[in-house]
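Heads up, the thing below is written out as structure tokens.
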Amino acid sequence: MTPGAIAIRALIIGFIISLAVITGFAYTTLLERKVLARLQHRVGPNRAGYIPIPWRGGEKRLLGGFMQPAADAVKLFMKEDPTPAKVDRVTYNIAPMLAVIPAILILAVIPWAPAFRLGPWRFTPYFAVAPGINVGVLFILAVTSISVYGVILAGWASNSKYAVLGGIRASAQMISYELALGIIVLIPIMMANSMNLGDIVEAQRPVWFIFIQPLAAIVFFIAALAELQRAPFDLLEAEQELSAGFNVEYAGMRFGMFFMAEYMKMISLSAIFSTFFLGGYGGPFVDRLPWLGFIYIILKIIFCLVLMIWIRASLPRLRYDQLMGFGWKGLLPIAVLNFIITAVLIVMAEEGTLAPLLDTVRQFFIG
Amino acid sequence: MPSAVNINWYIALSSILFTIGVLGVLLRRNAIILFMSVELMLNSANLLFVAFARHLGQLDGQVLVFFVITVAAAEVAVGLALIVAIFRTKKSINIDEINLLKG
Amino acid sequence: MIHPIPFLLLAAVAVAAALGMLLSHNAVHSALYLVLNFITVAIFYLALNAPFIAMVQVTVYAGAIVVLFLFVIMLLGAERLRSPVDEVRGPERFHRYTAILLALVLVGVAAYLLFQGGVDMTGVDTTAGATLDASPQALGLALFQSYVFPFQVTGVLLLAAIAGVVIFGHTKKRGEDNA
Amino acid sequence: MNTFNLAPLILILPVIGLLLNGLFGRRFVEANPANGERLTGWLASLMTIGAFLVSLSLFLSLLAHGFEPIIVPLFNWIDIPSADFLVNWAMQVDTLSVTMMLVVTGVGSLIHIYAIGYMHGDPDFSRFFTYLNLFIFFMLILVSGSSYLVMFVGWEGVGLCSYLLISFWWARLDKNGVPANANAGRKAMIMNRIGDFGVILAMILLFWTFGTLDYQAVFSGAVEMFEANHMVAFGGLSVPLPTVLTAVTALFLLGVTGKSAQIPLYTWLPDAMAGPTPVSALIHAATMVTAGVYLLVRSNVLYEIVRTSGATILGLISTPNLVAWVGALTAFFAALIAFSQNDIKKVLAYSTVSQLGFMVAAAGSGAYVAAMFHLVTHAFFKALLFLGSGSVIHGMEHGHHHLAHAGHGATHTDDDGFDPQDMRYMGGLRRRMPTTFIVYLIGSLALAGIIPLAGFWSKDEILLHDQTYATPIFIVLAIAALGTAFYVARQLIMVFFGKPRHAAAEHAAESPALMTTPLVVLAGLTVFGGLLNLPYLTRAMAEANHNHPAGIFLMLESWLEHSLASFELAEEGILALPRTPVYLSLLVAGISTALAVGGLLLGYLVYRGRPRTSSEPDRLARTPIWWWSVLPLNSLYMKGFVPLFNRFSVWLADKVDWAFWHDFVHDRVIRDIFVTGAEFSANVLDAQGVDGVVNGAGKTTQRLARGLRLTQTGYARTYALAVLLGAVGLLVYFLFMAG
């Protein structure tokens, strides 16, 4: 393919994925509200948009609330969007965008399904950075690492004490947990012997990595929750301490963009988690019907989302020092140890020293 | 206009960036911006390393960049810790007010 | 390598960002310009067949180093220390003019060299770089085979940096306790 | 892939630890005593643990690469082209050196961790750990060097560390106002110099003969010359090779007697107990003192050539046999001297001398694997015993402090002459310090040679070999083993059983977990260490396997034989290495078990419940009456042999060992010469000669500095500008003027 064709393909795929994720984001909010409501014995949004069942006199409704996201969006767009005085105007305005962009960018390297043919066209349903040489995982790390800018700049530019404190807390938290995340990511890379996410998915064909490396998966999931700043790590939104943290001065759609960024990042990190540990698009019959991959990965993403919501409903919020202590003294050492042990075992297995060693140990004890 | 740029273009770009970094170190008084300028200088050197790696078809340039980035990270961590320490005692990070070395 | 037009566009962005960093009145803006510069350079790396370095550049420089800068700026409230165009006093004026003069000499030397014909490209196979295997695997092998000692030394350096930072942070805290 | 390239790390890691601790440790500790101690202690420990992990990876790499020795070159150390003299600083990674590395770093790590607890609160905490890392560094140079010269650097270095650590508390004076610790350190230093002199001479001879000091070159050259009946020319004199090698090996033996504390140079080791207990455990039991054994095993080819050729010293005895006899006699006499010691650490010190004698005897009689095996197991259980004794001392001191602070009577102040190391003040500690007691018991039984603890297997292997090799040596060693069991029983009973004989012992407390954890680990190693080189169970089994290692049997031998060239050369028929089948001989094992049990029993009978008070004279000096009625034989023994023997051992200890050898020869003759020389160089050469030059240089510098100071404006920008000016200037110069 010529560079032009690659660019056009990337644009088209990118457009489709972005659209899908924006819709997905909207319905993730609905999913969260619904699931939370059920967990708290409530009904949740059920007014905006429903299909009445006529023969029950319109009392029973199907799909209650499925228009709620649209209503929310309309509300956010219609709201007055004041800019507080003495903010740093340029930074104040670009901060929400800087929050949204990385959340979408991550999805650029997720493999949605195996390569397949549809009529005359051959589809590789993901966009690789720098075609030919795959650094997909590094791309994810790079993008997550710059996603902190939206938060930190929003906090600073608002010229408000609460916002600055929230921003600093958020950035410290994100940087701390990114470390554990970055190290844990190395484990699927080592197991698959590739930085290509497609290869990582293919390597999980016999067995998902979550079953080989359950500890790594758990650490990854926790670090992802912290990276997302969701409960129980949602300190920067701790109303009691900081009102709403870094986005306290934002309103209207600019606030909506932070909201959007959070839910999109939920989707992206769920997608990454599914790819790294849950076998990605893999599943039964994917070999013959590649489009099933889309369904599998979306199901896995929804599973992760529901898990996150469930956790939010179940666990209380951590204190700030507990949060930092847990990240640096708990997750990071576990991640490093897990990484080292995995590396040693892999090298020993490749060298052929593992089997003789195990043999010697067995002989020693059994004879 | 030639159809593709060659190594000399990168040398030009790199030296301009480097000079801007030098000027930053010499003209600014905010110690943090001084550090940023140093990073810019390192970065211009890195760019040239990678350009030469591409030019000569050898990987060593990229390996060196890797080391430079690592060292830069360490340098910034220590430097900023120093700045914070100095700020705590002198309540200023204006490098013109930090002249205890005066003979 | 890359077509001149995108090169010139990117180079313009890079230089403009660098100048923005130099001339910005606000340290936070300086930092943001610096990020822009770093990301532009990362794109150059992609064009120069160094995707790994490009990603590391973004992760480390943009993701860690500049965040650290912002962190310290916000911590100290040092964004508006003094603008660069303050009053200029005696020895400082001398410094400033000498500095600008020397910078001009530096650029002048570079320009002179380039007009002289630049780097001698006879006998260099400039196509080899395009097909050079710069994948993480290749880079890792180079790092762990030819450069294993520097790599270890770098590790020690990082350890020393951690120790240094911890000590700086620590003594201060104790001083506060005593006070 | 292999990890041999990591080998230099094993030296680099301790250097990092020692530099950091040496430069900053004091400041850390002074700034914040609790955290600073933890920081410096764990830093040193982690560096040693790191070295251990590297050794482990070297071990695995050797395993994966068929045990082939690898030489990892570091740099050219001495290069004199005109003399054709080139010494590479290279590391020899083979099974022998890796065994030593594992022992040094493994036991070393445990002792480092233990020392964090033991040295807690010492004002020189960081200095101690700096020295420990320095020691680990030199010890690893010693075992990893690929030539005699590199080994000698480590050899001297560990001597230096030994000196530094023995006199660690150099300022302390004993009751008579004598700086005993400093003197002990000096003694160790000087004694070792005598041995080192032998090693230097031996190296000169080797270099003269072979033109190199690399192990591999020397050994292969020696074998070639031996096969060709080569004559070595010394000026006009032409000497056969075995004669030269006899001289070399005898001189090496001198070095070994110094370093490994054999007769006649053993006396420094008991004095070395003045150092902190972790030092005694690490340097003076587990690692440094085994350097001599390592030298013997490393030079096995040279000794075997001498043995094969039949060359003797003045027609009397060949050097390997001399080595064996020196070892056996040391084992015997040191065990006897241990009977009359009351200091808990001195007993262990003489015991170490005795056990080193076993190793040296084994090496001399050709049982190199057995020597190494005993070296390893001894490292485990003797480190355990020393650390355990440290724990006991710690507990006693704790009890003593407790008394002083609780004000139990005015007599128990800090200066009442109470000695926490004196076993006469102990007793009944098994209740107060249960963990220490159990591990100490395990270590003691291993030392006595009770099956199935590690000490049994290694000692048995030595005895089995010598039983066929030379019966007189076997008998001497067997009696030494009996003596070992006896003093072990005496010590156990005096320390742990009976009733407390001092209020401090009543209030002794168990040591902290930081100290007991390494003890438990070492106890585990002591229990299972025998599996390292498990002998065949019957002779038939050994012969069925052609006396070659198989399966879990003789693992150490199958591991070490790749480093011991004489094994291969013996199979090719070039050397006559005495090898005996290794199996569990009922005769030898029975004798040794009987001796061990008998010794313990004898000790129990003699010392049961004794002494009752701390001032009661030793049981061996008295004759109980009831022995008459119960067992006339015993009373005969108690009446006839015991007093004689007791007098003999007291005489040995007091007169020969202490008065003549310690006090007269060392303290008078050797020390006085040394002190006079030192005073001359300090007062005359240094004070008048060197200082004048130095002060003059200092004044000149000061004057210059006063002038140059003015260029410093203190503005960072000025300096940066100067740098830029220089850079641009150089650029312009090279581009336009130099071209």
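A, B, C and D are the chain letters, set down in written order, and residue numbers restart from 1 in every chain.
Operating definition for what follows: contacts are C-beta pairs under 8 Å (C-beta built on N, C-alpha and C of every residue); 3 or more make two chains touch, one makes a residue touch a chain.
Quick caveat: nothing in here was measured; it's all calculated off a predicted structure.
*Asks:* So, what's the distance in Å between the C-alpha centres of chain D and chain C?
*Replies:* The answer is 53 Å.
*Asks:* Need the CA-centroid distance for the pair chain A / chain B, whole Å please.
*Replies:* Computed from C-alpha means, the inter-chain centre distance equals 34 Å.
*Asks:* Where the centres are mean C-alpha positions, what is the separation of chain B from chain C, in Å?
*Replies:* Measuring from centre to centre gives 4 Å for this pair.
*Asks:* Going by the contact rule already set, what residues in chain B reach two or more other chains?
*Replies:* Within chain B, the residues that touch at least two other chains are 22, 26, 96.
*Asks:* What positions in chain A touch 2 or more of the other chains?
*Replies:* Residues: none.
*Asks:* Out of chain C, which residues touch more than one other chain, so two or more?
*Replies:* Correct list: 49, 52, 56, 64, 75, 95, 99, 102, 106, 113, 133-134, 171.
*Asks:* Taking chains as nodes and touches as edges, what kind of graph is this: line, ring, star, complete or other?
*Replies:* Topology of touching chains reads as other, fitting no named class.
*Asks:* Throw together a list of every chain pair that touches.
*Replies:* Every touching chain pair, ordered by label, is A-C, A-D, B-C, B-D, C-D.
*Asks:* Would you mind writing out the residues of chain C in touch with chain A in their complex?
*Replies:* It comes out as residues 26, 28-29, 32, 35, 46, 49, 51-52, 54-56, 58-59, 62-64, 67, 70-71, 74-75, 133-136.
*Asks:* Along chain B, where are the residues that touch chain C in the complex?
*Replies:* Residues 1-13, 15-24, 26-30, 32-33, 35-37, 39-40, 43, 46-47, 50-51, 53-60, 62-63, 65-67, 69-78, 80-85, 87-88, 92-94, 96.
*Asks:* Flag every residue of chain B that touches chain D in the complex, lowest number first.
*Replies:* 22, 25-26, 34, 95-96, 98-103
*Asks:* Applying the document's contact rule, which stretches of chain D touch chain C when the two form their complex?
*Replies:* Answer in residue numbers: 5, 9, 12, 16, 20, 31-32, 713, 715, 717-718, 721, 724-725, 728, 731-732, 735.
*Asks:* Which bits of chain D are touching chain A when the two form their complex?
*Replies:* Per the touch definition, chain D meets chain A at residues 1-2, 60, 63-64, 531, 551-552.
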